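I'd like to ask some things about the structure below.
Going in written order, the chains are labelled A, B, C and D, and every chain counts its residues from 1.
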Amino acid sequence: MNKVKVGIAGLGRLGAVHAENIAFKIPGAQLMAACSVVDAELDYARNELGAQEVYRDFKQMLEHADIDAVAIVTPNTEHCRQITDAMLAGKHVFSDKPLGVSIEECRQVKKTIAECPEKVFFLGFMRRYDSSYAYAKQKIEEGKIGVPYLVKATSLDPEAVVEGCIRYSASSGGIFIDSGSHDIDLMRWFLGSDVTEVFAAGTTVKHMEFQDVGDCETGCVIYRFANGSLGMGHSGRIAPHGYHIETEIIGTEGHLRIGSIPEKNKAMLYNKDGAVVECVENFPQRFEEAYLLEMQEFISCIQEGRKPGVTAEDGVKAIETAYAVTQSFREGRPVTLSDHEDPI
Amino acid sequence: MNKVKVGIAGLGRLGAVHAENIAFKIPGAQLMAACSVVDAELDYARNELGAQEVYRDFKQMLEHADIDAVAIVTPNTEHCRQITDAMLAGKHVFSDKPLGVSIEECRQVKKTIAECPEKVFFLGFMRRYDSSYAYAKQKIEEGKIGVPYLVKATSLDPEAVVEGCIRYSASSGGIFIDSGSHDIDLMRWFLGSDVTEVFAAGTTVKHMEFQDVGDCETGCVIYRFANGSLGMGHSGRIAPHGYHIETEIIGTEGHLRIGSIPEKNKAMLYNKDGAVVECVENFPQRFEEAYLLEMQEFISCIQEGRKPGVTAEDGVKAIETAYAVTQSFREGRPVTLSDHEDPI
Amino acid sequence: MNKVKVGIAGLGRLGAVHAENIAFKIPGAQLMAACSVVDAELDYARNELGAQEVYRDFKQMLEHADIDAVAIVTPNTEHCRQITDAMLAGKHVFSDKPLGVSIEECRQVKKTIAECPEKVFFLGFMRRYDSSYAYAKQKIEEGKIGVPYLVKATSLDPEAVVEGCIRYSASSGGIFIDSGSHDIDLMRWFLGSDVTEVFAAGTTVKHMEFQDVGDCETGCVIYRFANGSLGMGHSGRIAPHGYHIETEIIGTEGHLRIGSIPEKNKAMLYNKDGAVVECVENFPQRFEEAYLLEMQEFISCIQEGRKPGVTAEDGVKAIETAYAVTQSFREGRPVTLSDHEDPI
Amino acid sequence: MNKVKVGIAGLGRLGAVHAENIAFKIPGAQLMAACSVVDAELDYARNELGAQEVYRDFKQMLEHADIDAVAIVTPNTEHCRQITDAMLAGKHVFSDKPLGVSIEECRQVKKTIAECPEKVFFLGFMRRYDSSYAYAKQKIEEGKIGVPYLVKATSLDPEAVVEGCIRYSASSGGIFIDSGSHDIDLMRWFLGSDVTEVFAAGTTVKHMEFQDVGDCETGCVIYRFANGSLGMGHSGRIAPHGYHIETEIIGTEGHLRIGSIPEKNKAMLYNKDGAVVECVENFPQRFEEAYLLEMQEFISCIQEGRKPGVTAEDGVKAIETAYAVTQSFREGRPVTLSDHEDPI
């Protein structure tokens, strides 16, 4: 089977994770090209990852590089434009989430993707590919928890990321979009339904700068779904113990809880403080496997002519819902998905 | 030290727990009298608990029995009236929660209690006396989690109680009052602040009778507190694994989580299903110790002339808040504690 | 039902636990008399426990006190003599373990006990009454683990007890007797068989005084049982995290593990160190419930004319086995239970 | 940096794991050649792994293939001969453990390896590279547990492997060699000392065929180390819940326990049985990461001119110790490492 030739755009922290997976860890893929506005990243791509061609311009890469597919790991504001350009250039496209930064551009790019049915579009909701989340989905499909009717989601960043969160708050859209959209996607996936109404509340107690940028440090959300299910979300940015992603799916015959202790590994230390389990520090540690498995699935879809489980529609819904949550937080009232407006 | 002589009113399931604690397990207490409308309960009190006097009428017991204190474990609708009668008769009073069933009667009984400052009034929010909750409170006071700013509470009854819940739904006031008021009290206690606004949503997926009585099977709540803190509550009535009470207090420097696995004991079974921990089945199992410790504290307060940590005001606030939650659930909008009305 | 009148001998740390249980927490028992050579303990018994009669001499108590039963919680060297005197005086007897300090006296007292079949003799292997251990036994009897064929036991004292262990090492008999005999009893109970051979090794790395008294800080033992089962024991005296008692019963269809984390309560703290569970500090904390339940069972046996599950034979076997282990440790060779001699 | 060209010998279950790691997951390695006596395996190597050359004879591969290094994953009886041939042919060598099947051949191959100091020899004690074990080693080196003085090791195969264990019992050497040698290596690594004496006992309760081949189903071992430390080992072959590898390192200031629950992933299911964690089924699941990391380290050592942490000496010591354990099991007496003889 021929290797899928991939060009990557963006080689920041997460971009490097994807690039190394493509270059070294996926038998069916080859990292042919890289695109970045940072010279050091291009050097890294050429010298350490073996990318044969490097570009400073995304369109140049699309036109000139010998590639079948692109992986887009650029700032969120670039996603829709680059997805569009790549699809129209006949490439398979992997894009990091979110799909985009405005609902309008998300809906537009969804149409473009629909017009290229022969190409694979893959949106990086990597949690679906984490072995624990995939296991939960499988158990649900096997009926082990009966009918799922509530998902409780916790997404806590370690305090170490606060500075970055504040700096990028405007472009990231704030906590309910940046962190919440992962949880929204999981809820939709597990519950098999769309959100109809949200209510959100937020608070800031330690880093008041979050307030200054219209964001909050901690957010709580209640979601109503079309099929009568509910969701509860808790996002935060000052977890004292590390990076804590926890999800519970409540069903009529069982509950599934993932990540109750975000342990770094299988070791427990008994010392004068008690029984101590060290926790993961950041998302690359927690989702290392998921990032690899999602990219593997992207490549397999291309090779096997399949469509991935996650779609552009999932990306649109996540953004629409996250914006409704943000609006609810700002206006202090429940917001229905049909009545809310595009806040950007 | 002379033993405190106690008369108990109500010898149902929880009444019997309290009666046996008073009769046998608290050195400073003596079960002198019992009051019930059920003959079998009076026989039990006389023959098995050694109560010297038994009554079918509460006021008769107040007038004639040789008692210093009463323990009220009757239906919720009796609490306020019996507390009032007992305080006015010069007795120390322990009352099971809730304080009452209408906000008006709760406010009134609070005044009555305030007019009897020389008597001990104790409201049975027993969770505060559970060793794990008391430990959490102590750790918070020691500063181990910095400033607490969010409490997440889960209170799930096992499915075995569904029939009773539905039957008593009208008198219990529904899930947000029956189950939620414990969580509200814990939130206020841990956060040191009062609730200003609530938003609730509920769903019913298995036992539709809950809908018929205006109640729900599962409820989710967001609470705002005066000091900027938040609360999230999840109450349910069909837990497949047992009686699950879990509480997490989120602070700036640490989180405290209590009851993540409601294990029955310290044994784990490794078998073909994996590693399995059996769970507690009901509230008497889970809070056996707490029921004893709260009654012990009631007796100690009487003997030492102290006032307990939990007050009539706590009872009023719990009811006011739980009613606002119920109203929010029914009206589908956020309800502020100042604007809501007494729903009964 | 008339209360069983009890006289207690010994009011040290564990004696006080038993005395308070008898005095206050067991409906069917009454603490009538107490015996101690320490005046303060007698004052405590009279003033705080309500003992009507106090004695400095055990025989005096037997002759004069109005008691049906005695609880012996004196130094190990007194047990056999006091059990004998009490049985011959027609009393029911509860004795703290071990049964005695020499095999010869244990065998002799067993005969005496057998000659008083109408009296209850109860040996304080309290772990059997701990709810987790009792649960394990029940699960085994229900066949949940198939045929049990190996027990792994860990008994670690916190380092806080080192000084006492060294001081009492001579009279306690050392680690394999003091700590190991509990594990031996559990192994025999769970496996339903007697030990035929033992091999022990010990080491001392921190408190070399253990070596000076012929004892060790940490001991490891392999036990062979008559029915082909095996046992592994690990005893230690310098646990950094608290009092750690852990037992695993390995069966053909399941394993049962008790006490893998000796948590103080149900709270977990997430802080900069990770997820932290504080541990119990000492045996009264860990076995508070078991001490009460075993005494309750002693009283119930008397009231109901039953014999307890634990017998004098269990006491003899535990001592014989523990001595064989000690001999193996000292001689560095396997010791069979039939060939070893009484080391005292 | 040029890729290290590797030829693999043996493409059974574990061989395939290594081959795929070399072929696809290690940037610095290239799977050039494969050697097997099974045609289907050679087809697999050529067609799925992209091996350019395949051989039925190991020496042919050494002579003709364009390789820098070989990975030996053949039956244990081949290891020493193939290591010798490969070292003398000037290749770097990775060999699966054990080093060999007789002490004499192990000592001999160690000499051969020592005579090729410019070549990397790597012995596949993969557990050292598992992230939890590597973490434990690092914590020990940082002094987090003070002085380690006891290691407790549990290595339980699932019952699914019983048939294979019995069939290969003769060539594998039995449970103490096959399963125990991993534990011996970990003990030596964590304790920094060599074993001086062992005592072993075994039992068979379910599959009596183990007895017929002079092996046992469950083995228990006590190890004494030269520096006064101790070890306890428990190996078994009928774990009902899966593949259970657990190790505890006991130190003067802390204990480290790895793998107390061999969970398959981070999901917990709460259902009618309680809280349930599914367990890993086999060694490839449990040590998937370790197999990759050890091979990565082998390649890095070659590229960087380093020697790995694990040496031929470690392989000799593991075999010598495991044979002494087997001898102790068979003779029912402690065996010192200096007096025991080569049992083969």
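Basically, a contact is a pair of C-beta atoms (placed from the backbone, for glycine too) under 8 Å apart; a residue touches a chain by one contact, two chains touch by 3 or more.
Computed from a predicted model, the values in this text were never measured in an experiment.
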Exercise for the section: Could you tell me which chain lies farthest from chain B when each chain's centre is the average position of its Cα atoms? Expected result: D
Problem - Centre-to-centre distance between chain B and chain A (centres being mean Cα positions), rounded to whole Å - result: 42
Completion exercise
Distance in whole angstrom between the CA centres of chain B and chain D is 57
Handout entry: Set of chain C residues in contact with two or more other chains
Key = 239-241, 253-255, 260, 264, 268, 270-272, 278
Practice task
Answer with line, ring, star, complete or other to describe the graph linking chains that touch.
Solution key: complete
Problem - In the complex, chain C residues that touch chain A - result: 239-242, 244, 261-264, 268, 270-279
Completion exercise
In the complex, the residues of chain D that touch chain A are 23-27, 131-132, 135-136, 139, 144-145, 253-260, 264-272, 278
Problem - Complex contact set, residues of chain B against chain A - result: 145-147, 149-150, 152, 199, 201-203, 205-206, 218, 220-222, 224, 228-230, 232, 234, 236, 238-241, 250-255, 260, 332-334
